[in-house]
Amino acid sequence: MYEIIEGFLEAARLIATFDGDVMGIAARSIIISLTATVLATLIAVPLGAAIYFGTFPGKKSLINLIQTLYSLPTVIVGLLIFLLISRVGPFGFMRLLFTPTAMVIAQTVLVLPIMTGLTISALSGVDPVIRDTLRSLGATHLQFLVNIMKEARFAILAAVAIGFGRAISEVGAAILVGGNIMASSFASSTRVLTTAISLETSMGNISQSIALGIVLLAIALAVNLVITTIQHR
Amino acid sequence: MYEIIEGFLEAARLIATFDGDVMGIAARSIIISLTATVLATLIAVPLGAAIYFGTFPGKKSLINLIQTLYSLPTVIVGLLIFLLISRVGPFGFMRLLFTPTAMVIAQTVLVLPIMTGLTISALSGVDPVIRDTLRSLGATHLQFLVNIMKEARFAILAAVAIGFGRAISEVGAAILVGGNIMASSFASSTRVLTTAISLETSMGNISQSIALGIVLLAIALAVNLVITTIQHR
Amino acid sequence: MIELDNVSKQFDGPAVLAGVTARIRRGEIFTVIGPSGSGKSTLLRLIDLLDSPTGGTIRVNGTDIHANGEESLRIRRMMGMVFQKPAVFNTTVTENVAVGLRFRGAEERVVREKVEEALAMVGLADYGERRARTLSGGEMQRVALARAMVIEPEILLMDEPTANLDPVSVEKIEELVLRINRDLGTTILFSTHDMYQGQRLAHRVGVLMNGIFAQVGTPREVFTLPATREVARFVGIENIIDGVVVAENGISVIDAGGIRIRARSPLSRGEQVALCIRSEDLRVFLEEGGKTHLNGNTLPGTVASIVPRGPFSRVTVDCGFALSSVLSWKAVDNLGIREGSRVTVSFAAESVHVIRQE
Amino acid sequence: MIELDNVSKQFDGPAVLAGVTARIRRGEIFTVIGPSGSGKSTLLRLIDLLDSPTGGTIRVNGTDIHANGEESLRIRRMMGMVFQKPAVFNTTVTENVAVGLRFRGAEERVVREKVEEALAMVGLADYGERRARTLSGGEMQRVALARAMVIEPEILLMDEPTANLDPVSVEKIEELVLRINRDLGTTILFSTHDMYQGQRLAHRVGVLMNGIFAQVGTPREVFTLPATREVARFVGIENIIDGVVVAENGISVIDAGGIRIRARSPLSRGEQVALCIRSEDLRVFLEEGGKTHLNGNTLPGTVASIVPRGPFSRVTVDCGFALSSVLSWKAVDNLGIREGSRVTVSFAAESVHVIRQE
Amino acid sequence: TTSDPTPVEKQQLRIATTTSLYDTKLLDHLTPIFEEKYNAEVLIVSAGTGKALEYGQRGDVDVMMVHDRAREDTFLADGYGTDRRVFAYNYFVLVGPESDPANVSGMAPEAAFTAIREKGMAGDASVIFVSRGDASGTHSKEQAIWKAAGFNYSAEVKGSGDWYQEAGTGMGATLEMANEKEAYTLSDIGTYLAYKGNLDLVTIVDEGDILLNVYSAMQINPEKFPDINSSVAKDWVNFMISDEIQQEIASFGVDQYGQPLFYAAQNDWEKIGVTEAEVKNPVV
């Protein structure tokens, strides 16, 4: 158990000394996962709204499918993206494999189902009278959506928090399409906290892994505090 | 891209022929993840209720902490459980490492934060007048909780769906504390779909990985249909 | 102008609206009254495009509002609606009221001014910065009212807008409604279960019953000449007596279980009728003390009960059938009647409204 | 018995309740009336243990209900509550009504019987299998009523229980309330903004204003002898005139802006008073047509407006100050008055209620 | 000694092994034979070398099978393991794009590495070396080659430029990455053969003593962890160096890849530089 304590001490040391490698990895984690979360939000929220407010055949099945995709293993997401962007894949010419961009794409895809599903849940939590009131006040489609979102902001931001959590904590897709590369330039590297944790773990450096895990949680805490602040505004 | 098609064909073949190995792995996945989800539900729902309805100092911080733990990487959960149950750990005497039980524990811990957090969200979605009505009708604490749950059942079951999704799709903890063992007896083996997918991927068998992923999603779909049915009752 | 043309609406069960027809004129105040569950809210929701009718058409200024997908925003923006159980947005009172203006792209300065004015009008001038979710029932209802009014709609739909308000607030809101109607020419359509309110405010009243308008008319028509027995009962006519026309020469004579009542009515002998007599039109005298009305009715009876009702007492007299009359407390005291007293009830033939029974 | 002892409640802003004191007797029907936002709901919620007072104590049968954590379930189970905006559980109507009985572990057979009976009582006999969420406003309110009644509580708290109901339904509910009170001896405490309802049903009325009971008394006391100017206004006394006592010998004389009014009052010369005159107590005569009351008041004036009000008209006469009187339509027709007519208003000294101004 | 071949309850044997060995499926091929023979159940956990050693150090397994002599030595010296036996060997290969931009085909490993580094440092963007970078046996070997070529790994190789990239993942993923980037990498022969079909990479250097890859098995020290299943552990180690299994090892993979993945250690102890006892003497 002393590895845990050691992990905490190590985490404190890494943070306190601004350990260059770790800071780079952490920064990359934040950039990639935040970008993916923002992208996913921009897609999932309108998509969820379109599904929730739309009436079309197969709506129920679609919602079921979305819920099912909550179980999509990150490795499978990674594999699918990998197949698409690897050199022989249809998008191979873009040379995206093993770049941070690829990781952003994979994480976006990964969190889309859960964020879309939670958006739908969030919207269904809004009092129907509120919806009617907005309509009766003459909201355009866009105004309607914006205001419904405002009413559901608590739940939608909770969805964002969950999406971010899933993005920053996943490793399967990140390693498959990113490759956990540590190059000398920041932009060519794709090592993020989770892949680094995996690596440290596979090397048997448990306390180092735990230290990185704590750094990750510290980032998550900061992001969550921001989200909570917005929620309660 | 042809690996994807191949994956689908392979998945169809595996399911159609009741491939022994795959069926065993799939069964193990279902058993472990369902058990973990049920356990987590039994803990998270009362816990979420206690937090939501309780008034105690640090409540807000606790909720923030829970949200932060959404970002807990599965590998870190795996490591912590590993440290606890490995032979030299405090619970080493129980010889749980590399057993399905260990995987259940790890997955339970993994999904607890998100299920607790979503339970809290679900409860906060219940009309306060409903809460007052239950109280005024003379509900005991238990009756109150049961009935609030009934009112929030849609959102709580959505939380269960998300918990199950996370449990069955995670691999980091499963591999660390389970070990991805394929032994000759069912009970001693710890290979589940995600760890098998990882293995196949690391061996370069992409279509086999995708096939297993499809099997996993088929299971998730079945579980979700059950959940949806309960939701709409 | 709103034209309701054979509008019907059915949910899962039996039809809620089954052919509602009416024309609400521009600038009119039209009240929908009707029992709980008769479809008042449903009707208003159909007009506000919040639901679609199962049959019939609703035209606003000639446009079939449900036929025109692209037009619906324009049409909706002509209307404002106050819901029966208003919901407020989870923000400040000011922001709640401002929403409609913002939707229409009003300038911030204009928004601020108008919102302030609207809040003052509903008596919530100091509530601007309060979070709307913490308001009392009546306060919320007033916020909803201000929210709908502030956009100055051409048509204002209100679903029981004063249901949660005390009489003083009700009076203020009523004055407001009248003022909006008068100053801005707003067409106002509202439902109420407060018949007096209907009467005070409305140019015309529609009585919704069993899925249709059982009667549409001026308040006075509806209140004094109800078209059906149910309407009569609903508008508060306490004395409704069944009978058969037995004579008809200028003044009809109706036999009500052996007791003969004179009334003005064009119906012919043998017809089954219901007689409506407003309790205010009855006079009660001690024993044989009353003067006999020529062509009027004078019935002996026993006081069955005396119940306070507002500043009045309701005195019910058993004359073979029960007749309720409303007397001031003082009158009751002066008469010195109590339960069991022998009295005479008298009323003019003109006070009897005769309804043909189907 | 419910004792409210200096109960206060403050949310973020100023105190909502600031020392409410009253004793509600066992078996009594007690009505809380008061303007919107005066704290009626807040008070009922405090009694039902749904919120805690900031100060003071509430005792039920002698127990301080907020002091006793362990007792709270027992105390709550003595009470039933109907909320102002009732919410229904997302299940059938029957299950909604059954909840309280199930909480008390009633047998299935008993539950079924009682629920059926309760639904019949509120006029929803056929609604048992309907999903409660699809009910109309009034229907929901009746479900909430049935739900609270079915457990036969010792104390029934109702927050504006008939706010969403039409008069026919209101009458049914009122009868039900009276029956429950009579047959089961249930203590009933309800808030209403319908003063007549308060009066019809209540043994006693408390007028909540500015955080306290401005007056507690029988309906007749409150309605005829309001304790303050605000109460007078609130209970619907339309004529409230400020003045100074200038003479006092049996009949006081009050100077109201130059016009002298006679009234019965024990107040002494020089005191600032408000005079309350119920509009029903005014008589209106054409020009000098009225007989002069001995010890009464006869004031000349001009008709300022004639407004229909229920089956009556409200005639406002400008006599220097405005005086409103209520006349039947017929009386108005008979008098032949219209706006601008010169008339005389007369009323007895006994009809004037004098309130000392603070 | 061998354990009673017919105990009533099956004994469990837990083995920690490195991923690259496990992924060849050699062990899947051998365990049924063992289980049949000893009526035991074999549980194999594959993990990175470091993690596998961690399992061993914590007494979570009974047998350890890795391919990193230096760290094995430390592991033995620290008393965690005992009774090491070498059961197989093969060679690492330097693979790279067919175009061979650094022009190192056929060179000695050390020379090839030196040339790659030079081109890379010179800024030739087409020359990239992808390293496992995960402290695995393969990574250890790579570092050993850099050292033999005269470089200080952490100062002159690691992080010295964009030409040198650490994959930080398993062998398969590293090969995929090298393929994608048209880069060089060092691989064990087993994984390379398994992946060859998906790759455009070709063997650039496959000869040189330094490329030797030696696989061994050892039991976890029962003195340190008394409840280790020592007898079955010994059985396994002895099983691996038994004649029958040595033959199985030598022929494993031939039908699939047309060449063996491993050479039996039994008779080549001199060639691979270990003592005869380490390949032949049964553990007692």
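Each chain carries a letter (A, B, C, D and E) given by its place in the written order, and its residues are counted from 1.
What we mean here is this: a contact is a pair of C-beta atoms (placed from the backbone, for glycine too) under 8 Å apart; a residue touches a chain by one contact, two chains touch by 3 or more.
Treat the numbers as computed from the prediction; the structure is a model and nothing was measured.
Asks: Trace the shortest sequence of touching chains from subunit C to subunit E and report its length in steps.
Replies: Between subunit C and subunit E, the shortest chain-hopping route counts 2.
Asks: Moving only to chains each one touches, count the minimum steps from subunit A until you reach subunit C.
Replies: 1
Asks: Quick one: name the chains whose C-beta contact count is the highest of any pair.
Replies: A-B
Asks: What is the distance in Å between the mean C-alpha positions of subunit A and subunit D?
Replies: Chain centroid spacing, subunit A to subunit D, equals 57 Å.
Asks: Measuring from the mean C-alpha position of subunit A to the mean C-alpha position of subunit E, what distance in angstrom results?
Replies: Each chain reduced to its C-alpha mean, subunit A and subunit E end up 36 Å apart.
Asks: Measuring from the mean C-alpha position of subunit A to the mean C-alpha position of subunit B, what distance in angstrom results?
Replies: Going by mean C-alpha positions, subunit A sits 18 Å from subunit B.
Asks: At which residue positions does subunit D touch at least two other chains?
Replies: 85
Asks: For subunit A, which residues are shared contacts with two or more other chains?
Replies: As it turns out, subunit A has residues touching two or more other chains at 176, 201, 206.
Asks: Where in subunit E do residues touch at least two different other chains?
Replies: In subunit E, the residues touching two or more other chains are 47, 173, 176.
Asks: Determine which chains touch and list them pairwise.
Replies: So the chains that touch one another pair up as A-B, A-C, A-E, B-D, B-E, C-D.
Asks: Flag every residue of subunit E that touches subunit A in the complex, lowest number first.
Replies: Residues 47-54, 133-136, 159-162, 164-169, 173, 176-177, 179-181.
Asks: For a test of understanding, state which residues of subunit A touch subunit B in their complex under the given definition.
Replies: 1, 3-4, 60, 63-65, 67-76, 79-80, 83-84, 89-90, 114, 117-118, 121, 124-125, 154-155, 158, 161-162, 164-166, 168-172, 176, 193-194, 197-198, 201, 206, 209-210, 213, 216-217, 219-221, 224-225, 227-228
Asks: Per the contact definition, I'd like the list of subunit B residues that touch subunit E in the complex.
Replies: Answer in residue numbers: 86-89, 92, 97-98, 179-185, 188, 199, 201-204, 206.
Asks: Along subunit B, where are the residues that touch subunit D in the complex?
Replies: Touch list, subunit B to subunit D: 127, 129-130, 132-140, 143, 147, 150-151.
Asks: With touch defined as at the start, can you tell me which subunit D residues reach subunit C in the complex?
Replies: Per the stated touch rule, the residues are 11-13, 33-37, 41-42, 84-85, 130, 134-139, 141-142, 160, 163-170, 193-196, 199-200, 219-220, 223, 233-234, 236, 278, 280-281, 307-312, 328-330.
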